[in-house]
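Okay, so chain A shows up in both of these, paired with chain B first and chain C after.
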Partner chain A sequence: MIVEGAVQAGCKFFAGYPITPATGIFKGMVDMLPGRGGLALSAPDEISAIAYAIGASLRGLKAMTATSGPGWALMTESVQFALMTETPLVIALVQRLGPSTGGATQGAQGDVLLAEYCTSGGYTIPVLCPATAMECYSLAILAFTWAEVYRTPVVLLTDKEIAMTSERIDDHALCPMTAQDRPTAKAGSAAYAFEFPQEIPGFRPVGGYEKVTVTGSAHDKQGRLQKNSPETVQVLRHLEEKIRWREQDFSVVESDLQAGAETLVVSYGVTSRAALQAVVRARAEGTAVSFLAIKSLFPVPKKAIVKALAGIRTVIVPEENLTGLYRSVLSSLFHGADVRGVNKVGSMITPGEILEAVKEVQ
Partner chain B sequence: MNGSHEIVIAGFGGQGVLSLGQIIAYAAMIEGKEVSWMPSYGPEMRGGTANCIVIVSPARISSPIITRFDSAIVLNQPSMEKFESAVKPGGLLLYEASTVLHPPTRTDIDILSVEALKEANKLMKKQVANMILLGSFLSRKPIIEVANVLSALKKVLPERHHHLLPLNAKALEIGIALGSAVAVEQNQ
Partner chain C sequence: MGHVATSIDGMELVYERPRTLTDTPMHYCPGCGHGVVHRLLMEVVQEMGIQEKTVGVAPVGCSVFAYNYMDIDMQEAAHGRASAVATGIKRILPDRFVFSYQGDGDLAAIGTAETIHTVNRGENILVVFINNAIYGMTGGQMAPTTLLGMVTSTTPLGRDAAVMGFPLKMTELVAQLPGAYYVTRQSVHTATAVRKLKKAIRNSLEYQKRNKGTCFIEVVSNCPSGWKMTPKESNDWLEKNMFPLYPPGDLKVPRD
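Presenting the complex of A and B:
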């Protein structure tokens, strides 16, 4: 469904290198994209794959690559290049068990922070996390829109279970829209022109009528390498400011709050589906409990979380990693509440285990 | 959940465990039901352990992962050890007779042993053993129409294998007959 979503979004270029459990996306793109006016390439390795995709995007095409943990490790340098050069790019990162080559056919939610904090400087990279086949489709389109409109790399973070599970979908309910396009530069303006730091510069393709300089090094608004000039520092601030300033535009959550509940279950990805079932079961047994599934992990949808926290004493964050990665990010928002994790590696968290945690509170 | 049926199918890679689940899921989808098919297997192409969880439901499915099953279809000993206890009381445990050395011992569930491999060998195609098991399963749990299984098969089998469709239909029939025969035996 990620492939369907990407093609619908208007993706015209894909380069990838096969890796379980992301190979389905690679194969799907190779099968489908050429017939839809695009190009799909098999790269010799992950570094080339993402570099090809960046190149295509610099030329003006909506571009994507897909990989899993070990491939992502190789790609991080180029992800930073895309961020630094404000190149729209979607990377589908299908999580598997780590560290290192870990378990190719085992799911996990262990790359949450690795995906977000892969840049030197901790720049905000939007991360979308679908939980169902339908969301793989709709969030893939949204990922392209964000990448294009805000000129940034966007991570579509799934896991083995989401990428490889088959589900029935209603194809009449699929969004028929394509992703939005990137803003275009006015003739004669600088290649990375902005007046205010939060502004998104208009895009000018490499190989067009006007000269474009692209560098991963610190640069001015013309894209010229410079060291420590005020304009360069302004550009560095702008890279973060353009996302941070629009933080609220990036909020995608599914909240199911219950009046009078003192316990809130916060989850994401495949685990949020087990969590939802646990919440439904708890309510059937007469326990009031609120539920929040986060689809846009970064920037953190603070407003939605704070809203869900009203009257809450205990927050439970189930996630499939050992140390509670996303819980650690959210904990500063949970001030005062008792925060608990339900954590597991090597196998999925079951609705029963989450229900147990909910009951323990009572 | 009301009216939903949760199945685990487990065995070695190469036995058709995952395809068997896919066929059930597709057939149920043809009937307009909500389905989820979640595979789980090792890194080996053949010989590793493999299982899949299939949920068929009239309502939307929240979690594809579950720990207790209405039915289990088991094709090897390790899977028997893993899943015998996971069948809900009153559920069905169906297994391939020759690959399971120690038969299950529970008394609160419906246990059905089918010599699928032997029958498949008679058809000169051991790959259809999974279809025989599917037939036996459907004879006990008619959650989907046999006709829809055959249409689903057309989708799951790559076109180059479509000449095997009649053979698979035959295997399915044999499975249904085997399942029904045992049922009659037990009733007597």
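Presenting the complex of A and C:
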């Protein structure tokens, strides 16, 4: 469904290198793109794959690659290049278990921080996290819109369970929208022209009418390498400010708040499906509990979280990793509340395990 | 074989599992070449009496489980980095027999630079290169070594040179490098081929004592599952289709 979404979004270029559990996306792109005027290339490794995609995007095409943890580790230099050069790019990161080669055929939610904090300087990279096949489709389209409109790399974060499970969907319910396009540069403007730091500079394709230079080094608004001139520092601030300033626009959550509830379950990805089941069961047993499923992990949807926290004493964050990665990000928002994790690796968290945590609070 | 042959039910035992190979059923698909190459390596190690002095590096790929079968010190390595890890080991333990055991994805795709630099430095190790023209472990996608016109899961219409380039002949490439001491291409699809490969492995490990550079053995191998053929068909296909491009034989032999 990620492939369907990407193609619907207008993706015209894909490059990949096989890795379980992301190979299906590669294969799907090879099967679908050429027939739709696109190109899907096999790269000799992930470093090349992402670089091909950057090259295609520099020309103006909507471009994508897909990988899993080991490949993502190799891609991060180019992810930073895309961020620095404001090159739109979507990277589907399908998580598998553990560090290094890990467990190829086991799911996990262990790359949450690896995805977000892969840049020197900790720039905010938008991360979308679908929980169902339908969301793989719709959030893939949204990922392209964000990448294009805000000229940034965007991570579509799934895991083995989401990417490799067959699910029945109603294809009439698939929204036939396409992704928006990147803003175009005015003739004669600087490569990274902005007056206010939050502005998105217009894009100029390589091989077009005007000369284009692109550098991953610290640069001024003209895209010329500079050491630490005031303008270069402005550009570095702008890279973060363009996301931070419109944080609200990136908020995608599903909240199901119950009046009088003192417990809130916050979850994402495949685990949020188990969490929803647990919440439904708790309510059936007469326990009031609120639920928040986060689809846009980064930038953190602060407003939605703060809203969900009203009257809450205990927050439970189930996630499939050992140390509570996303919980650690959210904890500063939860001040005053008792924050608990439900954590597990090696297999999915069950609704029963989350329900138990909910009941323990009572 | 060095140890005493016994008899079973009055018949003389002429061939048996080398003691350097563990008594573990292999996970390889029926007819796959990996198992035969494992066995040959371990036969040579046993015959040379170097079990305690041999270290292997097998990275990800179908042979990631080689450590279950080869009863020597075996390391895994990140994808593409086998010869680099082997370099580190050999530099610190120069008196050991060190080999890397890599698929064509590992050696000729993600590890291409590593392979070229290892041989270019003349790293005194043996590189065993299993070329099955495909990424086996991940389900049969096109590799740089895939033949033109060959159908794989990522070349559903066959590999087209205009889009995907040409099959990469790594062995010819590394044979050009001054650091290469012995470069040969073998196979395991017939009994004769198996014997020749064993000789090549023996030569390589003997040469390692001379400290003269890298020994590099390509093994043209099959992938019945990835190629979607029976083992017999895959061996016939290999001879007919792989050999014209990857002909068996020595590419570089020691002069001294």
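Here is the rule we use: the second predicted complex is superposed on the first by the 362 of 362 C-alpha atoms of A that agree within 3 Å, B and C clash if a C-alpha of one lies under 4 Å from a C-alpha of the other, contacts with A are read in each partner's own complex, and residues count from 1 in each chain.
Here is the rule we go by: contacts are C-beta pairs under 8 Å (C-beta built on N, C-alpha and C of every residue); 3 or more make two chains touch, one makes a residue touch a chain.
Small disclaimer: the values here were computed from a predicted structure and weren't measured.
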Practice problem: Applying the touch criterion given at the start, work out whether A:M348 contacts chain B, chain C, both or neither, answering first, second, both or neither. | Solution: first
Practice problem: For A:I19, select first, second, both or neither according to whether it touches chain B, chain C, the two together, or no partner. | Solution: second
Practice problem: State whether A:E86 touches chain B only (first), chain C only (second), both chains, or neither. | Solution: neither
Exercise. Could you say whether A:S100 touches chain B, chain C, both of them, or neither, answering first, second, both or neither?
Key: second
Quiz item: Which holds for A:S166: it touches chain B only (first), chain C only (second), both, or neither?
Solution: first
Exercise. Would you sort A:E319 into first (chain B), second (chain C), both or neither based on which partner it touches?
Key: neither
Practice problem: Check the residue A:R273 against both partner chains and state whether it touches chain B (first), chain C (second), both, or neither. | Solution: first
Quiz item: Touching A:D31 in the superposition: chain B (first), chain C (second), both, neither?
Solution: second
Quiz item: Looking at the overlay, what does A:D45 touch: chain B (first), chain C (second), both, or neither?
Solution: second
Quiz item: Looking at chain A, which of its residues have contacts with both chain B and chain C?
Solution: 20
Self-check item: Residues of chain C that touch chain A when the two form their complex
Solution: 60, 64, 76, 78-80, 105, 109-110, 112, 135, 138-139, 141-142, 144, 153-156, 163-164
Quiz item: Once bound in the complex, which stretches of chain A touch chain B?
Solution: 20, 103-105, 161, 164-168, 270, 273-274, 276-277, 280, 348-352
Quiz item: Given the complex with chain A, which residues does chain B contribute to the contact?
Solution: 22, 25, 29, 33-43, 61-67
Quiz item: Which residues of chain A touch chain C in the complex?
Solution: 17-20, 23, 26-27, 30-31, 39, 41-42, 44-46, 70, 100-101
